[in-house]
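Two complexes follow with subunit A in common, the first pairing it with subunit B and the second with subunit C.
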Partner chain A sequence: MQFDEFFFIDLIQTGIDGAMLGSVYALMAIGFALIWGLLGILNLAHGQTVAFGMFAGLVSAGHLKLPIPISFACAVVTGVLVALLVERICYRPIRRAHELVPMIATLGFWITTEEILQKIYFHMYFKDFMPFPNPFTMTRFTFGEFVIRFDYVVTMSVAVVLVAALYFVIYRSRLGMALRMVAAGHDIAHLMGVNVLKTLRSAFMIAGAFGGAAGYLLGYVANMANPYAGSMATVKGLFTMILGGAGSIPGAIVGGIVLGFTELESAYLFSFAYRDAIAMGLLFLLLVFRPQGLFGTRVEDKI
Partner chain B sequence: MKHVKTLTFAAGVSALLAAPAMAFQDEGTVRLGSTEPLTGPGAVYGQPTIIGKKIAIEEINAAGGIMIDGKKVKLDLFSEDDQAKPDQGVSIFRKLESSDDVLAITGTIYSRVSETMWGLLQKKLDDPNDTGLQVPAMSFLSMKAGVASISPWAFRNAGVECDQHEQLIDLVQEANGGAEFQSVVAALESNEAHSAAAWRVCYQGSLKKRNWDTKEYVEWFEQDTDFSVQVRRIRRAKPDLFILSSHYQANVGAMLEMARQGVTPKYMISHIGADAVEMIDLGGKAVEGVVFPSTAFFADPGVKSLLDEYSKRTGEWYMPAFTYLAYEGMYLMKHVFETAGIKNQPDTLAEDRRKVRDALASLKDWPNPMGLKLTMGATGDISRPYVYVTIKDGTFKLWWHPTKGYMNP
Partner chain C sequence: MTDYGISVLSLICMESFVALSTYLLLITGQVSFGQQAYFGIGAYVGSSLTALAGFDLTFAILAGALVAGVVAAGVGALTFRLGGLYFAIATLAFAELIRLVWVNINYQVEVDGFMVGPKGSEGFRDIRYLLDNDISSNQYLWIIVLWLALVIAFFIVLERSRLGLAIRMVENDETAAASVGISPTRHKIMAAAMAGAIAAIGGVLFAHFMTFIDPRNFGVMLGVHSLAYAMIGGMGTFIGPLIGVGIDIGLLESLRIFSGYRMIVFGSLVAAILIFRPRGLLDEKTVHRISMRVRQALGNNRKSTRAVTDDPG
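What follows is the complex of A and B.
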């Protein structure tokens, strides 16, 4: 950090960039939050919806040269299909077992599908990283000393639209009402006539759609795709969800933006080398004083 | 009946124990160990390497093989996949040394894996108290400075990294009319061992030697996707020399951001991590102008037949230098096996390994497939002439050549 005439300009610019980067983290975290909120399990396979979404975006936009909106839709649909598979394999058959069992099953799904994706990827491409189409990579807006990347604006706009759509579904549709009932309790929802399994399947599909979208946008802003995005998405997504408050959708959104902001600001203000350590340290401090995260509800079930 | 079973078991064990006697010179082969990351994230380096090795071995065996103790034998490669994991590398190294009884072990790619594997080797030659493994080991990459100094049994043909950077800094200064640079800026990929070692051991030494301070210094991680903070600081420093101690993935992300922010240093230099076709595929015009060292330029006439075969097998138009280094390494092993005076028998294995080690350590003026003469240095590194490559007009071009001078300044 240098305290010179550019300090405040760079501080603000870094904050803007961080918040925009964080919008992708938010999309990744929403999938985790949704499943945690409804089932109380950590869906460790959710990162694979991101990885396969990125891969579908690469194949459709890079390989098949499909227009961006269609390619984006392919990524979303792929995320949904992967999430359906998770629900069929890791949740539905073992839903009555201890809550750790489906979580371990999702861990197995993550590892297995990551290996499979790598095999497919390296069969198709002879490189670690492939160019991900982004026609706006050099486009930027300048406002005096401030610069805004156009692709970040696109990413944030897509995130805003998706979150608005999610809120519409949750608070303005029958599916949303069913989801809220299931979140309150599976037995209560069942007694109220809600088809719990069907509702949960829909929740997995929504989570997968967000994962697929996040995968596409991650490749898009980085200009490159790789088969390892699932691991990164799992780490960042879980981190964001805990930061925002486990199971909270607003928490996932704010958590993502706070994480992006913290990562870049700590890199700017303190050290690039300790950026992740600083971000993790802040999370630790937050959890000490507010264990439920930014938007979570405090529940004390331990002595 | 009990005796029959006992005898059958004993015969089976004897047959197993006797099996190695059928190998080596008697079966017409000489065993060479090989370890690379063939799957997982490191496979993008391991696969081009094993292809280079296999092409050389197929050529050697098609030409009759290797002359050992008056008889032509075939080179038999025992290939393993270390997945770029140090613990896996250690298991493989032990297996190749003890179970497979290879004469020498080649590989691996990543410095951290080579360092760990070579940690098993004897540290002091002829010291009876040093019970480390005694098998010649040679890497065809592992660029981290000082890696081959771990053991007198360890060798490397990729060159001495610090020499490359020292020479390249000299060359850019010369290209700059001999003038000192006003603003030297450096960027380090701080979570990658090779990049960190290149910066601390090589680049910093070269800058200190010239009394040059960096006006700005930034760090990033290999997997970063946002470089806006670092590049803003680079922009403020208005660099005329920009040093990248970083691999292609981060290089591309950072240089795209530099293009967005309009940062155009007069000279940009990188270590060997820029030797990847992804620089062009992913970075496009943003990476044009960067200069990096290479041991074998892919368009050099001396490697044309290798490039053609490599392209045929992979469909790639570009061949990284380490494919050539692996190819060259197999011919180097052939030369050493032929001249070390080995017997290639199971009972002479320990003695043969020592002879191969001594032959590698005393290698002098060996003409490589490109016609350059190579000599082994005291640290286990082959000193060799380097070329410097730049990215221009969407392709890799020679920037400087030891005999042709500046080509695309």
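What follows is the complex of A and C.
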């Protein structure tokens, strides 16, 4: 490798691409952070909202040839429905048990739905890796030496809009006030007249919407849909959340960008084969030496 | 026994090692998503020793267990401070790291005119130890059962020993344990090392049973499943995880109605069982009740026999 000007141009180019990929990771992590921050349980089924969102996008955009905004909406709605199912099955009946119990129940949900989705893919397409429709694959902008893919720009803008909407809901609406109160303590919120269960259901719905959106965008950016996206989303989403600091939404956003950046830079600087290994190793070391994440949060701003 | 029966039984036994390994960490109060890492280390180290270097299977198992135990102790020493979620994620990160090592490892050696050795994501093919040594699948099942029996014997001793009590105490209350002189750190690292070694024994056996392994065998789902086995079987005794494995592979695989839909049924079963029995089928209370019942029955028998012998008439 030569350290000439092209090296630095490519280094910066990779960094830009990494940050844009990271915005999808951030969307996945927000769902985990929301549920962890509000409930203190690990929702392992959250990855499935991503997988089903991706599948809904594949069917609506690929099969039914719906326009992109409508198929995106389909993905979001699917994510919300999956999240509602998770809440109904894995959280509500056992919310009084030990915190591990809902987690293992979501784990059961994860195993079950991944297999169901795999069956559906095989049934519909006879294979499990499908090209995801992306009309902008070859569209790019050039800024001087740098090239920016149009689909990355779309992804990033959608992510920015969604995050802005989330912040608006949390800090400027009645529901957001209820959410912040529930994050501070379920009993207190209950005493103050907040319907805790209803608020938590909304939290699951918001998380599901983010999962579905992330699923669509993930398929869109990678140009590929598969039934295993849920497992991948769970692993990467959890790592992103931990990277930023468990339960923190700004942490999830920054964590996503850092993870995307690290992955692509290590692929560029070392080798593509070790891209995930390096990211994983760094995460392990970070957990060991700074378990509160890059931005350790205080208890009062859990959400 | 049919070949199918033998292979199902072998699978049950080999999965049991990972389930028991996860269980051992659960009873120290640590939820691990990453025991598949040590299963993989055992598989790769063990099959390298037999296929590349021509060592004996027993030696390979012991060496695999030793390597995995040392690695697990190292990971344990780094992560024992992390509680709950953080420990779970750290073990998951480590397991994924190890899996990616398998994806990238390329080390092939010529043995008898064949290139043998791990070859990246294509995996490690031609682990011909069983074929070369004329071990039938029936005999191999007995070898697996023997090793499982050894591990189970270890658990029986553990549950009756001071060490087992200390481990359970660390789970319940670390501060209380520390206050009576039981070091939570030492016990956690020790449990991690033992759990790693147990998973590795299963890994070596698995690799030789399959004759080829590839990195996909050691993904997240294996760890997730073994956690589910331990949780639905129950945390009260080591029989719990064995029941969990038995339910999943044994019951659902042998009931052919579910063939192909095993995971779907199993996943729903996990959720359903946990709704009704949060600490699994055989939880501490049930185990206690059963053992009291058994002790009572035994006690009554002894009394009645004594009554008979004491009777002079």
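Assorted remarks:
We take it that the second predicted complex is superposed on the first by the 292 of 303 C-alpha atoms of A that agree within 3 Å, B and C clash if a C-alpha of one lies under 4 Å from a C-alpha of the other, contacts with A are read in each partner's own complex, and residues count from 1 in each chain.
Everything that follows uses one rule, which is that a residue touches a chain if its C-beta (ideal position, glycine included) is under 8 Å from a C-beta of that chain, and two chains touch if they have at least 3 such contacts.
A quick note: this is a predicted structure, and the numbers were derived from the prediction, not measured.
Because the two structures share subunit A, they can be overlaid on it, and in that overlay subunit B clashes with subunit C. When both complexes are overlaid on chain A, the residue A:294 reaches neither subunit B nor subunit C. When both complexes are overlaid on chain A, the residue A:84 reaches neither subunit B nor subunit C. Of the two partner chains placed by superposition, only subunit C is touched by A:238; subunit B is not. Contacts of A:17 after superposition: subunit B is touched, whereas subunit C is not reached. Of the two partner chains, subunit C is the only one touched by A:107; subunit B is not.
Once the two complexes are overlaid on the shared chain, A:36 sits against subunit C while remaining clear of subunit B.
In the superposition on chain A, A:273 contacts both subunit B and subunit C.
Once chain A of one complex is fitted onto chain A of the other, the partner contacts of A:6 are limited to subunit B, with no touch recorded for subunit C. Contact with neither subunit B nor subunit C is seen for A:68 once the two complexes are overlaid on the shared chain. Put simply, of the subunit B stretches 91-99, 289-297 or 361-369, the part that bumps into subunit C is 91-99. Where the contact sets of subunit A with subunit B and with subunit C meet, they give residues 273, 276. Every residue of subunit A that touches subunit C in the complex is listed here, in rising order: 36, 42, 44, 89-90, 93-94, 97-98, 100-101, 103-105, 107-116, 119, 231, 234-235, 238-239, 242, 246, 273-274, 276-277, 280-281, 283-284, 287-288, 291. Interface residues of subunit C facing subunit A in the complex, by the touch rule stated above, are 31, 78-79, 81-82, 85-86, 88-90, 92-94, 96-97, 100-101, 103-104, 219-221, 224-225, 227-228, 231-232, 260-261, 263-264, 266-271, 274-275, 278-279.
Remark: subunit A residues 2, 6, 10, 13-14, 17, 21, 118, 122, 126-131, 137-138, 140, 147, 149, 218, 221-224, 228, 232, 264, 267-268, 271-273, 275-276 touch subunit B in the complex. Subunit B contributes residues 39-41, 43-44, 47, 190, 218-221, 223, 225-226, 228-230, 232-233, 236, 248-249, 252-253, 256, 259-261, 277-278, 281-282, 314-316 to its touches with subunit A in the complex.
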